[in-house]
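Going by the order they are written in, the chains are A, B, C and D; count residues from 1 in each one.
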Amino acid sequence: MSINSFGHLFRFTTWGESHGPALGATVDGCPPGVRLEPAMIQQWMDKRRPGLNKNTTQRNEPDTVNILSGVYEGKTTGTPIQLMIENTDQRSKDYGDILNTFRPGHADITYHQKYGLRDPRGGGRSSARETASRVAAGGVAREAIKAIAANVQIKGYMTQMGTKKIDPAKVDWDQIDQNDFFCPDAEAAAEWNDYLAWLRKDDHNSVGAIIEVVARGVPAGIGAPVYAKLDTDLSAAMMSINAVKGVEIGEGMAAAALTGRDNADEIFMGSDGPEYSSNHAGGILGGISTGQDIVVRFAVKPTSSILSPRKSIRMDGSPTEVVTKGRHDPCVGIRAVPVGEAMMACVILDHLLLDRGQTGGVRGSIG
Amino acid sequence: MSINSFGHLFRFTTWGESHGPALGATVDGCPPGVRLEPAMIQQWMDKRRPGLNKNTTQRNEPDTVNILSGVYEGKTTGTPIQLMIENTDQRSKDYGDILNTFRPGHADITYHQKYGLRDPRGGGRSSARETASRVAAGGVAREAIKAIAANVQIKGYMTQMGTKKIDPAKVDWDQIDQNDFFCPDAEAAAEWNDYLAWLRKDDHNSVGAIIEVVARGVPAGIGAPVYAKLDTDLSAAMMSINAVKGVEIGEGMAAAALTGRDNADEIFMGSDGPEYSSNHAGGILGGISTGQDIVVRFAVKPTSSILSPRKSIRMDGSPTEVVTKGRHDPCVGIRAVPVGEAMMACVILDHLLLDRGQTGGVRGSIG
Amino acid sequence: MSINSFGHLFRFTTWGESHGPALGATVDGCPPGVRLEPAMIQQWMDKRRPGLNKNTTQRNEPDTVNILSGVYEGKTTGTPIQLMIENTDQRSKDYGDILNTFRPGHADITYHQKYGLRDPRGGGRSSARETASRVAAGGVAREAIKAIAANVQIKGYMTQMGTKKIDPAKVDWDQIDQNDFFCPDAEAAAEWNDYLAWLRKDDHNSVGAIIEVVARGVPAGIGAPVYAKLDTDLSAAMMSINAVKGVEIGEGMAAAALTGRDNADEIFMGSDGPEYSSNHAGGILGGISTGQDIVVRFAVKPTSSILSPRKSIRMDGSPTEVVTKGRHDPCVGIRAVPVGEAMMACVILDHLLLDRGQTGGVRGSIG
Amino acid sequence: MSINSFGHLFRFTTWGESHGPALGATVDGCPPGVRLEPAMIQQWMDKRRPGLNKNTTQRNEPDTVNILSGVYEGKTTGTPIQLMIENTDQRSKDYGDILNTFRPGHADITYHQKYGLRDPRGGGRSSARETASRVAAGGVAREAIKAIAANVQIKGYMTQMGTKKIDPAKVDWDQIDQNDFFCPDAEAAAEWNDYLAWLRKDDHNSVGAIIEVVARGVPAGIGAPVYAKLDTDLSAAMMSINAVKGVEIGEGMAAAALTGRDNADEIFMGSDGPEYSSNHAGGILGGISTGQDIVVRFAVKPTSSILSPRKSIRMDGSPTEVVTKGRHDPCVGIRAVPVGEAMMACVILDHLLLDRGQTGGVRGSIG
């Protein structure tokens, strides 16, 4: 069962609540002999962690990862890797109101309906804080990928904030880490900055976003049709992230509007193997990688916790209005970028391993 | 491992190739005591089967489902149900060209790269013919749902063909089965008919589509956070269908452009429990059903097999042009409608069962 | 979920009832490129099939295996392999009595208690006929093992019938297929023959047996601690066979009576790697193979269906006596031999593949 | 994949090494609303923990369980429960010799062969210390069982130490916790005490044991044929415990020597449902519970670490002799008793939940 676990051979289970003593990921299936130091994971944690700048929640968590098992003298042993992150700044009093009130757009009401009870502190298990565990697992995956397929590069960035989209022609990977939004276009980043400041301070509102994650250098031939296709697993990976409402591969929803002639990625023989005239497919055919960039996009809904009042009910059914005063991100999409990257890393590693188990990793030759 | 299997407790494994002797689904986890006759499954097969009208492939397959196990005197016994569909019209000669040629947009090249060999007849395992097995499994799921949650209704329809979208206000469930396109708007259906005729006969082209599937009457409180959320599983279910490039829940990708104020589904107390002012969430919060309509949308790319020549390579790397003369659907999205419905049914049943195993099916009370 | 499925990467699902139209195995995860013809599977089916001699049930089933998918031009393609065996000799009238009566020692009563209904014809799903599907799956596994680890030999035999044990010193693999009992000692076989004839004809009774299965030539280093250890999986494999009540690895239950000094398998360096002074461990340490013979033993209880009357109850609770007049094996252990071999083959292949997915199949060097 | 995880719906993953900073169990699938305090788990930890008396290893570990997630205000929430046990007494210097030497009977050599490297401190992951995590998980299972099937009692005890067996007629549950050996017969316990003292101090040896675990009060009708039978899962559960070499259900291996007439558990109608004249089946028919005592037995081999020298090799292949001076149990079987109980509890809970997911928990009526 995969209720709180993700992956086939590289498989992690996340645990922990927003305001409990700790949270983490139990990572199973990492190959042995991979170099792994906490700092290798920490660099990714630092991209996601709260309190980094004024555009994300002011909760201040160092998100220090402790490796409790599975590593001996700086190398993985092939046994489960326990990654624990202690919570330090749980201001539960901020959340007192939500004990008996269901916040619109939150999982309060459905957790109550399913489980009959819930941990209300900061959303408990349904909090986006769970994604810290994913980023930690993704850090492990990145190191293991290096050992197996050294050319793989994984990069995520925001392509849209609210109605403001970037021009695909202006995507510059070098810009991504130069601004608070993982925005690959410096000009757009400046504009987003002003917009978000106004939204947060003046409009007491929040806004959605679109994130794109690319895996470059993935060898052709990995993926497991038909119910563990690379795109199927990526879709599940991204849709499982809090607040995600849509996932696209390559052309995505826009593929509907194309004709077969326009959508064809024509094939040519290059010096290193097959090449393609375009990448409408997003690097995946029949669930298996083509060797092109693997391109996934996902939409994050606007944060439900806003300072503007919204109508709701209490547990006893009585009407109320909810205004969320806690520390929240005006655009949760920003911190979803490193989460999307982490999930991409986990899926790619998982399929590299799975493919070895299925075929021994031998590729059919062309030319 | 879920390579060729789908689902947690209600779990099916599909098998078979496009031009092999037979294909089918091994269905595990159907509850005992469910009434099941072949005709109950056949009605859904007949919606998907090829050769029904001029807008779908002219391959003529009766797609008769044989129940080989798991049913005794018209009732399920709780043991695996084998559903076999014999292939009858395998005109393999039509596909002779593709033995050594990789068709652009098809999985020929990636199957070759992964497995080193492949069954080339009609695309083998990567053919959309595999979806017949899903529809059969979905037929079983529908009967089991009736026994557990009688109010559930599942309905799919096309909302967009190429650039031609229907007006959401004009969606009429009664129209869906009145035309060749599962189009819920009679006027749009007529327009699509002309467009597709021109595309097929004059333009030698194909076109993509968007399908929406709705599950109505699903009780609040089912779904399994955080890696088997209802939306996660639906996303995987739809993305695993051939040619699907995007999946949306509720607002989907459009959620990115909304603000938190606009996106809030406000909550009120109704006579039968909580009600909502809107359904931006698509009936799912935190991976758990709210009791509203569950709304999934997916985009199907245009059929890659077209009569217009596209550049490609042969297995030896030499250049060639591919024109597919076989019997193909100009808009595979049409036949994806019953497939999407079937996958929705399987996911809903699976989560109804899973929830019983997790919580005993007790719901937290409100009011 | 593994309700009707077995294995991790090489995974089969069995389906079908004793007296339904057919039964079979859906085999997922067989590597591509393995030569596979029906005759390769049929040879093992013929060892298990009923009606072969007077010591097994007189039901006459050819047990012809049909390969419906996953093989193209005599080679596996890496897609699911459907193995179907049609039932031809279902004399359901023999079983009329058991519709409303629970046979002692049979699953009639527990299936009824769990599912509320059952297929009573020949025990339905609980019949040992299900093991035909396992033997078919095992036939596939054997061919795949040949392609990966050519030196592996798998051999099963009976070491005990009732109270009559063979002398371990007299085990001769060449004798195994020379008698009706898969007995590795010709003298014992003759004695068993007389005993079983008397038991069946004069005593109207049945008897239990112990089967030993050996896998020789398995490379050191496969197995997946700690919940998919080689011995754990073998134990589950054997205990899942009908009528099995005990499973042993190496010394088995007798290990309890040994001291640490006696039980130690001392290690020496041989020309080809480590060698051991003895094999108390049965070829497995910490769940991982040592390179020695892997030795599994299991006990099969006596057939519950006997001609002697036993007290029982009917579905309405009323008392009755049961005398089973159907065609039954006086010693089901005999036909359990090829089943045990098949399960061993499936487990070994599964772990060969799993190990590649975990470690790439690289072995740590010694010396 | 179940490499380091066990269970279907109630599923735990253990992590941690003998001499790492901590170890634990990530428990998924515990139903919501179960009362859970650390003390409820601790009582079972205290039965297994080292250093309790002179008959077990003198390593001194308090084995305090920390509940890091999944519990809110003393009740489970249905989310993953992280149980962490910090290691406090890791005297790694005791183990210096085994860095380059393979101890006979230990997993040192096979871990090296599989993974190419290993954590040598105290056996790392292959140490029986891993079973502390199981006992913690079992503590959770016991509380959840209380909430679902209050009559269930689970009890384990040693029935044999070396060649010294207890008389089944003298089994007295009240004696079990009155001695150091979980021995249900006071007289045998005294004898075992003397024997073990001699073995440890004078003979520098160790000895094997047989443990029996009984689950009383389990409702009829749980179990999931055919690859998740109750006996199959129990067999895997017990065989996965360190040093276990054999598993028996009911009659176990002795069933081989019985005839069908002797082995029949005849059925009678009692006031509360079916009753049986005997329990050769060990409470399981066709993988499903009968309502009788579920009886499992397993053999634990003698501790491989002894003070008597045994021949072995070093990593470079050179010969050596191994004398283990560390702190070890002369009879590991003793501390396997609470581990076997814990595994029984986990399997029973898992099947209670699974059955609800499969059938809704409805039982077929008799009489």
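Here is the rule we use: a contact is a pair of C-beta atoms (placed from the backbone, for glycine too) under 8 Å apart; a residue touches a chain by one contact, two chains touch by 3 or more.
Heads up on the chains, UniProt names are A, B, C, D = Chorismate synthase.
Small disclaimer: the values here were computed from a predicted structure and weren't measured.
Looking at B-C alongside C-D, one finds more C-beta pairs in contact between the chains of C-D. Centroid distances built from C-alpha atoms place C farthest away from subunit A.
Once the centre of each chain is set as its mean CA position, subunit B and subunit C turn out to be 39 Å apart.
Distance between chain centres (mean CA atoms), subunit C to subunit D: 26 Å. Looking at subunit D, one finds that residues 1, 3-5, 8-9, 14, 29, 32, 78-79, 114-117, 125, 225, 358-359 touch two or more other chains. Those residues of subunit B that touch subunit C in the shared complex are 1, 3-5, 8-9, 11, 13-17, 20-24, 26, 28-29, 32-33, 66, 68-70, 72, 75, 77-82, 84, 114-119, 121, 124-125. Residue ranges of subunit A in contact with subunit B, taken from their complex: 1-6, 8, 14, 102, 104-107, 109-117, 125-126, 130, 160-163, 199, 203, 205-210, 220-229, 231-236, 238-240, 242, 245-269, 274, 277, 280-282, 284-291, 297, 299-306, 308, 310-313, 315-319, 333, 355, 358-359, 362-364, 366-367.
Only residues 1, 9, 29, 31-32, 78-79, 148, 225, 353-354, 356-361 of subunit B touch subunit D when the two sit together in their complex.
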